[in-house]
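When the chains are written out, they are named A, B, C and D in that same order, and each has its own residue count from 1.
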Amino acid sequence: MNTFGRLFRITTFGESHGPGIGVVIDGIPAGLPIDLEAVQGELARRRPGQSPYTTPRQEPDALEVLSGLYEGKTTGAPLALWIPNRDAQSEAYEEIKEVFRPSHADFTYFLKYRHTDPRGGGRSSARETAARVAAGAIALQLLQYFYPKLQILSWTSAIGPYETLYIPSSREEIEASPVRCPDKEMSKQMQAYIEQLQSEGDTTGGIITTQVEGMPAGLGEPLYDKLSARLAYAMLSINATKGFEVGEGFRAARLRGSEHNDSFTQTPEGRIRPATNHAGGLLGGISTGEALRFRVAFKPISSLQQPQVTMTRFGKPTVIKIKGRHDPCPIPRAVPVVEAMTAIVLADFLLLSQSGGYIQKRKEAS
Amino acid sequence: MNTFGRLFRITTFGESHGPGIGVVIDGIPAGLPIDLEAVQGELARRRPGQSPYTTPRQEPDALEVLSGLYEGKTTGAPLALWIPNRDAQSEAYEEIKEVFRPSHADFTYFLKYRHTDPRGGGRSSARETAARVAAGAIALQLLQYFYPKLQILSWTSAIGPYETLYIPSSREEIEASPVRCPDKEMSKQMQAYIEQLQSEGDTTGGIITTQVEGMPAGLGEPLYDKLSARLAYAMLSINATKGFEVGEGFRAARLRGSEHNDSFTQTPEGRIRPATNHAGGLLGGISTGEALRFRVAFKPISSLQQPQVTMTRFGKPTVIKIKGRHDPCPIPRAVPVVEAMTAIVLADFLLLSQSGGYIQKRKEAS
Amino acid sequence: MNTFGRLFRITTFGESHGPGIGVVIDGIPAGLPIDLEAVQGELARRRPGQSPYTTPRQEPDALEVLSGLYEGKTTGAPLALWIPNRDAQSEAYEEIKEVFRPSHADFTYFLKYRHTDPRGGGRSSARETAARVAAGAIALQLLQYFYPKLQILSWTSAIGPYETLYIPSSREEIEASPVRCPDKEMSKQMQAYIEQLQSEGDTTGGIITTQVEGMPAGLGEPLYDKLSARLAYAMLSINATKGFEVGEGFRAARLRGSEHNDSFTQTPEGRIRPATNHAGGLLGGISTGEALRFRVAFKPISSLQQPQVTMTRFGKPTVIKIKGRHDPCPIPRAVPVVEAMTAIVLADFLLLSQSGGYIQKRKEAS
Amino acid sequence: MNTFGRLFRITTFGESHGPGIGVVIDGIPAGLPIDLEAVQGELARRRPGQSPYTTPRQEPDALEVLSGLYEGKTTGAPLALWIPNRDAQSEAYEEIKEVFRPSHADFTYFLKYRHTDPRGGGRSSARETAARVAAGAIALQLLQYFYPKLQILSWTSAIGPYETLYIPSSREEIEASPVRCPDKEMSKQMQAYIEQLQSEGDTTGGIITTQVEGMPAGLGEPLYDKLSARLAYAMLSINATKGFEVGEGFRAARLRGSEHNDSFTQTPEGRIRPATNHAGGLLGGISTGEALRFRVAFKPISSLQQPQVTMTRFGKPTVIKIKGRHDPCPIPRAVPVVEAMTAIVLADFLLLSQSGGYIQKRKEAS
């Protein structure tokens, strides 16, 4: 269950305070040129210690390639990537290892496994998302090899009560904000809100919106493997996510069919396309070629810098004040994770689409 | 891609206007007594023609067992169920088979497959959900064999702008309403709204809320196969769904950690449990044993009884007025579908949990 | 576990004495013209009652299409096929249902499932192979759509001690023999041997050899999904099989490298190819484009027409004389089953090969 | 396709001359004590340079644990193991990288991938089997946790024309022979034969026989995932294998039913069991509890120390004399690989069996 994907498949391993985090990517066709600096660049976007709003844990997240590359190109063999842990400080966890931290996975991991690695959350730590980001960067390179105009943009659209409907047109707009909110005014309010929470030892949730431009049409498989279903699956597999919606999402429930339906029209070149895009880029679970649009909700970080009432494993009531080093708001660092999982889902469908859909005769084998 | 599940697996087949709809259920342990009347009862809840608010298509949905039962119990062999189509009227589709119906899957299926069955939407028709309901009824019997107190309740919590937070305690409360809304006052307003839409040839979306009581703890697999991730996957695979949220869902994004965190407490018997349930019954993707709570958003039915501008496959602008027979609101009939997919996901995790988690020594083979 | 394949996937269901046998075939691209008479023709080759050497059970094996075809072509939806049982005579099984038939699956099914369908062997009956044959005929049509010269020939190469190395060049040669042995002289000896066994109430095993001409090169996936590994998997999944070998097979163990190695040479057109084919058409698990050659060993039919000592479920020693209706030799009827499983494996690899291997840029999505 | 297994799953990565070889093992229950020295011991059995009969490449094969262990026990998280390459000498490959070595995978990898790692055979090198051996040692520890008496013994039963039917009763008997043949006399003849081949620059194939004692009954899944089918799949996935047979194997084809059938009898304690074991420990693909017995055929090593005629990628005829460092006979070092794949298959079925078979009521969740 540490594998995701059908033809483009990632298998991740590693814990927060073990030697490192790794990922094996299987299914990449041979001959794909890999830009490792671009992968490292994505890891830099996710890594901690980037801004005053994230955990001070210092991790260079320096990528090592364990297999699958030869002379800069893929070989058809699995591509294995490894990110060593450098700044794991396990002491903070020693004293709380028998205390259930409120709203943490400690509790359910203990119920299920009884014997787990408590240091830094072990396998349940968001540190695992480094592996997703690395794999997503590879997936994006595969996608853009076939579709150079395909662009995945994710950004912070809400932090706590601060929300924006602004849609950016470039990554620069997003990266210009320390909280990855491209709406400049709202970005400032979000920063102020996070500072306030930090001073109170509190945390907040938020929403990440994603738009994929340059989408190929025809990606997605009926019935269970709808593009929307696999995206929902991927997004809800990210730590701290609580919701997913595509197109109008929950708002669609309030609309009439006459408001929500997208009529069909034609481009000047004669290509038939929806005139509007309430659907968010897919119909019947298959991409229309219009921009793919979805939103993901994150709960507040559970590790508060304030005392909380809880229990030990042995049923003793106690009060915990979590030390460790934690983000007050997960959203800015989760932006590249959402982009990565999007790329992984799309790359998987891209490979699937090459062997499905309408049959096309190939020239006979000689 | 017509298979869903890992150990409890369903494979469905059949089209809206073909001979029928079928499902093969694999992975059910041998010796499970099957109550076929209960399965038939669930099909009756989903089938059309139940009330003035649903399509008048008359389908008895009479279940046939093709394999897997012997003397009323499962045998370990795949259980295959078959529901013949009786009232398919394909004429209405003949004249529109080259017209793209707005917001229908016709468009993307044509892009992807070029050759599809146009009658009644073919494979993309919601008629396929009959197979899911039958399989879900079997899954529920498996779940309740191990956990007799486990109860899955889904209900209509919103239709268009009419929304309720009321939580029912029994299925009777839900079934008493023709729109499956247990809030009596709101149910009346919803009915009135649907009648109004019908008179205007319009349609509406809505929201279904689900609560599972009597949940076993420890279901769900890190990392990609979180219980929440598989539920999201399952729900977004249902026709017309646009969103999924668990626990506080999108609302969690607005909350502070100090508001959203669930402290741990103890039952009088000494069992440790969360004192509140903002999480919706899971932490780190694994069930806590508390009630599982999630919501699914549906878009309005796309088949309007009013003229719509669209295009033919050949790029000719046209106006379509869909005949066929369609629901003005998908929600009431989707309630058993949501319950069924919930049961299928839980049954799959139940079987997985029996071979995972903490190792327990069995007595040695003789 | 009643599903086989990764992209071309079959899911079978049904028991020997239930209503029938079915198969859902998923993954077939849309637009493939299906020749149902050819499928029916393959079923006729497998069905019982064809010759004095097979069971007298009379089954027309009349194929019904439950889904997935529209106007004679596939639609991308799952193709479901159904073969009703017509001549099930369960009485013979009633009296022995608590007796373990020697070398039958009754014993292990009982150990594993405790509650199984005893009639005619239930799910473990070779009657299930009808579903494989139907699916294999579809797989072959898919293969030949891309590779019209691809030809799968299987034949009886040994029955008991009677063995031939003759390699036929057409199916006619094979079908001319009632035991499907293309070596005319050996065919007569095999027939005589079977008649002798019948008179003695005994049975025999045998070997089926397969050769696939017109093979595309490059089919097969390293490392675990070698073409040879998937073929071995498929062949050993057929009832009564005890061995698989490819190329020189077990004989390769005796050879020196200098005898077994295939040098490379060139065709007059300049294509590089092995000069000999000791390898049997694959290297490193991937097809070379040369003829694929393998052999499958079958044990003797376990149902003897003579008394055998055995035990009841309750540990009472007893003597069984199996009534029912059984083949004295499984080989002739297993020939189309081996061909079918070969086609299923190859079709699966064909689809996989379209999304793997060397990356080739497609034109950008408009 | 670099993943094998359903619940106990291995994903391997790495090339012969890359940084190392790795494996991610997913699905191991939490709390299993791991004996890393035992794993290292198995690697020592497989590693090169053990005897004059194997390649002189010197690899310590020193195991590193990248994830999944905490305080010596599994945690439910994936166990990742890493074996660095120390003695890769790529120079020998540089000059032949555009030459197809006869009977090597170079040819088909080039046909399929065009861009591959030529150094030491890259991914197709038998060096990958180190990962299998490490994973197999873990699988064995899982199996023996539940079934302490379960013992997997594999041994060299044939090298070239030298063959023995002797069945050893302990690993010591096997390890006492430098060629892992427990028949002392035959072992000497095999050694002499290998020495002769070495002097002639030639190689040989051979056969490995496996016997598993202490087998649990009921392992194996009908129909496609028979224990025999998965074993055949696993064995044919090992480099250089050409055949698999279980029980009497190909010899069963020659036998009469009255010779091959195993009658049922009873132990003094009243347990019903087969009186003989022609079947090799399974019926209908499910284990009987008797000893599991099968044989695997290996072709001769393709890398001869003598000149061979071949072609370059560009169609130029040439003569190759392979330098590198190669075994004259693959069999002795393949013995632990066969044992490992056996353990992996059995561990996978063990986990599956815990969630399948006959349903047993568990006590209700509180």
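Everything below uses one rule, namely that a contact is a pair of C-beta atoms (placed from the backbone, for glycine too) under 8 Å apart; a residue touches a chain by one contact, two chains touch by 3 or more.
None of these values were measured; they are calculated from a predicted model.
Chemist: Counting one step per pair of touching chains, how far is chain D from chain B at the shortest?
Modeler: Counted as steps through touching chains, the separation is 1.
Chemist: Please identify the chain with the largest separation between its CA centroid and the CA centroid of chain B.
Modeler: Computed centres place D farthest from chain B.
Chemist: Count the C-beta pairs in contact for B-C and for C-D, then report the pair with the higher count.
Modeler: C-D
Chemist: With centres defined as the mean C-alpha position, give me the chain B-chain C separation in Å.
Modeler: 38
Chemist: Measure off the straight-line distance from the CA centroid of chain A to the CA centroid of chain C, and report it in whole Å.
Modeler: That pair's centroid distance is 45 Å.
Chemist: With centres defined as the mean C-alpha position, give me the chain C-chain D separation in Å.
Modeler: 26
Chemist: List, in ascending order, every residue of chain A touching at least 2 other chains.
Modeler: Residue numbers touching two or more other chains: 1-3, 12, 27, 30-31, 74, 76-77, 109, 112-115, 123, 217, 222, 289, 353, 356-358.
Chemist: For the complex, which residues does chain B have touching chain D?
Modeler: 7, 27, 29-32, 74, 76-77, 145-149, 214-217, 222, 269, 271, 289, 351-359, 361-362, 364-366
Chemist: If you look only at chain C, which of its residues touch chain D in the complex?
Modeler: 1-4, 12, 100, 102-105, 107-109, 111-115, 123-124, 128, 158-161, 197, 202-207, 217-218, 220-226, 228-237, 239, 241-250, 252-266, 270, 272, 274, 278-280, 282-289, 295, 297-304, 306, 308-311, 313, 315, 317, 353, 356-358
Chemist: In their shared complex, at which residues does chain B touch chain C?
Modeler: Residues 1-3, 9, 11-15, 18-20, 22, 24, 26-27, 30-31, 64-68, 70-71, 73-80, 82, 109, 112-117, 122-123 of chain B touch chain C in their complex.
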